[in-house]
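Just below sit the structures, each encoded as structure tokens.
After this come two complexes, each holding subunit A, first together with subunit B and then together with subunit C.
Then we have the complex of A and B:
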């Protein structure tokens, strides 16, 4: 088979993987900060996509739409954390997970009531004419998604490394009590984590909408996002991105090699094998307990 | 003498009372029938990726039954419906029909869902003896092998799809290299199988490639590049509108200029809306003579009635499934009417079997049943996307159908 064929598949895998990576990032950040696994994150992406749809119908330009989707995501994240998560913060982790699941269901149901299950199209920011490099054709929206994923990853890495709030978030993740004693306002950090997470989730919805369309099932991306997050180690920013790309590539090449029947299974099989030999994922660190 | 007269009067009164009550007594033995109502259990997906079928099926049928009731009902009885969501899952669908039959004790069942779920109910429904009218699902098991209690309305049998699709593909496209991309669930897989079978039987053509995908897939690059590598002249795509919208756009992104032919459930404005300009030239067969959203006055009038009933409906509604379920609700009512004043399962079956070329209006294809087969519709209308609209094509299949030969 010609090299361009494999390159074409690789580009498709990376494009899809970048979407999974964004969802994985949105899952990892609140988990890093507060230990909460947010099962409603997929529906935050759906919300971002519908927000983009509404704003597009208002005739706004893409940069304005993108900005407003980001703001909407941040506001939703803060509201969810303040009104729904913080009141049950002392509940068992499983209770909080179920609560996030319920939040997702509520968002999805509200969308279905208002818009039904019709799939809507959203134009990409750079049109539909493919970019052709060396015989390999690339959708400009897919390239935009990959670019945004890389940019968001770098921004997050810089945030956690250099920003005061980012450093505080890392401290809270390691030991909330110690961080509190050092003057860190833990509740404020949690709020930041949820705002950032929902912003990324909503941005993911905005970015994927031109590729996959807009319907209430957009949130199903969370399944792949979770696999990507676990592959990456669940607490690692780079791990989430690499995990997403790996899942995208596995799915795409599995379609060609083992067929669509096993395509969806392949990432899960790889995940199980990885967890047997490396339970803390590709980029996670083994838990060390001082005794 | 006086006593005898009193006894006589009493007996006469009893006789009159019995005469008045007997018909109802007979009806009372039939589940779902009261002196004033007939209850029909309707099921279809109103959640999940195929809810565009069930929501439309539910609303289309409900609108028709409302109109029928407003016009006096059927032989003096109003039609009530109990709706259950099957979520496009065979397991959920079986649970739904069990509830409708055993708990709600409906008179008959009406499926407004897809093949995946409806196929799962067939064994149970056959065993239950409750008549079922299937409006949208084309799963072969509904009507073949023949089962007296099962009827098919708006859709035809998958084998008929295969005949028409194969003849169109073989005669309308210059090349003969046909790639089939189909979903792995019941309906698209059956469409792909039936098409491949008839291409081989009638035209001695083997598809150059058969590529499958999963419902809800977002990337079709592997399948499309596979078709490209197989040097396909035309791509036959069988799946759901959301998938078709993505695949058609991705094909153009990948530089594939091959024409697309799509299955009947995708001959819908939603595909054009999702694929935008890439949808130009896409062809397929419609299950109704005119699609919602088209410029024909008959369908515009019907759409206005529908929108009056559902003023807050989402965009892209009503769709083709609204029309099919609406038309089939009238067919069911006609069967009930012909069943007479005391409807029974047997009476309904005989009533439906007596229907010949019945249709509620120009928006529907005619339905014909017989004692030998219960496939109401063998007509599909070829259409092509032109200037963003599905326009009918002046094409008619000439190859004699084999479908009815299976029913001696």
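Then we have the complex of A and C:
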């Protein structure tokens, strides 16, 4: 009994963590490419969840919904990058941080005006009957989340390794000037980075909706996503995924060991400790920079 | 006496006149606006002058508010003793958070302060025995001494007015002092500042503690004036609102902080008929200010004043 219990907890933790991993990826990709940390990323997930809600209410099938959510995400990413981020790209970090926050707040309050604070339920694609393997009960939605996260991670890894645009994005991340001289259109790469990031963010919203319901607070996901990103060293894809899963497991196990009060505090205490002792994350390279 | 002191004096007289002539509610709103001014001035010292980021000044405000509230509600301390203790507590916690902040900059500092904001929010909600949790905490009406009659809204307004004027005066003199110049040096180039013999770590820490103290002071006044505190008042929305004050007013300028806080405190009143658009409008205003008016309202102010004054302003800022 205890073993299956812990296994079940671990699976729950991993599936929660998979969502955090997706949000972390959505944060890390544009940050790595362009140095902009999008604090509005959580609201992109909210937007994905509400897009799924509208489409479900109009009676579309899940695969169509998923596709449209992805397209919506990409379009939103491109628009935000072109209209709001590029004009202030050379401003000090403070301006950019506040701007991305304001974008998130604008999306959230627009949603709140239209839908209010009601929580809407969204059915998972495979129903709610648990899958039982060797005495361990697993929620099909959780399995689907984990599957999608693995698939997205593999796609991204392949993209950065084999695709021309992916390689160009890595080049821009290392040195934008040199990449420009090599014929890379840096602005085009930024657009790609934001499109990919918003796509992943919106997918995270779609995936998490059956678990937590759809309300304007879905965007709170970003807080855990940021912890995951810091844990993973902030610039590495693998780091973001591992970071997300670690945060998910930490939270799940914290709730049975130290109680629910500290469950909520755990990720942020971890964040503070990390920033104090290992700001470059568990996997990131130490970037020595003294003043 | 120069023109700007004259403008300040006229402003004070006008405020007192409005508050005494127009009844309780406008007086209350003016008090809140001035509390926002204190918070904005403090935040601007940190962001605009010392060049650090904080996304958690609403948490320092919460510390000041809750400490003052608990001291008056549970221990029966008079407000004039409780508020400075609250401000000192906020400054102390700000200094503690400033310790790691010395080594962090840019987005990492933004992240650390965001994490701190969450910790404070969760702590207030979870330790409901002390803080009242999400249901909030009611504070008895302010009295000068325990046996005196409760103070009127106008008396409280006068307290806030004096506090606000004092805060502005301190900030203004501070920026003209050695420390203020060190703040600006550290912002413009930490390397150059270090080379000139300024301890960057000490200056950053001082800025953090001082600015948190301002936030705590504003928080304490808020608790006493409103008579009620709950965690919602001090969440990320509030932190962002304070940032909006200084962005729209003008980063690094005391006049900017005042203009921004006053204009944006009036906004919810102007939007009263369409209350649900409040947050959306302020988010869009913030974006518009960042995109089209990066120097803030203070630029308009400077254009309106004669050139000679602008010159003295520039050298003072």
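As a working rule, the second predicted complex is superposed on the first by the 276 of 291 C-alpha atoms of A that agree within 3 Å, B and C clash if a C-alpha of one lies under 4 Å from a C-alpha of the other, contacts with A are read in each partner's own complex, and residues count from 1 in each chain.
The rule is short, and it goes like this: a residue touches a chain if its C-beta (ideal position, glycine included) is under 8 Å from a C-beta of that chain, and two chains touch if they have at least 3 such contacts.
Just so it is clear, the structure is predicted and the values come from calculations on it, not from any experiment.
Novice: Looking at the combined model built on subunit A, do subunit B and subunit C fit side by side or clash?
Specialist: Overlaying the two structures gives a clash between subunit B and subunit C.
Novice: According to the stated criteria, A:16 is in contact with first (subunit B), second (subunit C), both, or neither; which is it?
Specialist: First partner only.
Novice: Just checking: does A:84 make contact with subunit B only, subunit C only, both, or neither of them? Give me first, second, both or neither.
Specialist: A:84 sits against subunit C, while subunit B stays out of touch.
Novice: State whether A:60 touches subunit B only (first), subunit C only (second), both chains, or neither.
Specialist: Touch partners of A:60: none, neither subunit B nor subunit C.
Novice: Looking at A:120, would you say it contacts subunit B, subunit C, both, or neither? Reply first, second, both or neither.
Specialist: The answer is first: A:120 touches subunit B but not subunit C.
Novice: If you stack the two complexes on chain A, which partner ends up touching A:269: first (subunit B), second (subunit C), both, or neither?
Specialist: Second partner only.
Novice: Look at A:256 in the shared chain and tell me whether it touches subunit B only, subunit C only, both, or neither; answer first, second, both or neither.
Specialist: First partner only.
Novice: Which partner does A:110 reach: the first (subunit B), the second (subunit C), both, or neither?
Specialist: Only subunit C; A:110 stays clear of subunit B.
Novice: For A:226, using the defined touch cut-off, is the partner it touches subunit B, subunit C, both, or neither? Pick first, second, both or neither.
Specialist: Second partner only.
Novice: Among the options 1-9, 91-99, 199-207 or 325-333, identify the stretch of subunit B whose C-alpha atoms clash with subunit C after superposing on A.
Specialist: In the superposition, subunit C collides with subunit B along 91-99.
Novice: Let me check the overlay on chain A: which residues of subunit A are in contact with subunit B and also with subunit C?
Specialist: Residues 112, 261, 264 of subunit A touch both subunit B and subunit C.
Novice: Hey, which residues of subunit B end up touching subunit A in the complex?
Specialist: 47-49, 51-52, 55, 184, 211-214, 216-219, 221-223, 225-226, 229, 241-242, 245-246, 249-250, 252-255, 270, 273-278, 313-317
Novice: Considering the complex alone, what residue numbers of subunit A touch subunit B?
Specialist: Residues 1, 5, 8-9, 12, 15-16, 19, 112, 114-121, 123, 128, 130, 132, 137, 139, 208, 211-213, 215, 217, 220, 251-253, 255-256, 259-261, 263-264.
Novice: For the complex, which residues does subunit C have touching subunit A?
Specialist: Per the stated touch rule, the residues are 47, 53, 55, 100, 103-104, 106-108, 110-112, 114-116, 118-119, 122-123, 126, 190-191, 194, 200, 237, 240, 243, 247, 251, 276-280, 283-284, 286-287, 290-291, 294.
Novice: Residue numbers of subunit A touching subunit C in their complex, please.
Specialist: 31, 37, 39, 84, 87-88, 91, 93-95, 97-99, 101-103, 105-106, 108-110, 112-113, 223, 226-227, 230, 261, 264-265, 268-269, 271-272, 275-276, 279, 291
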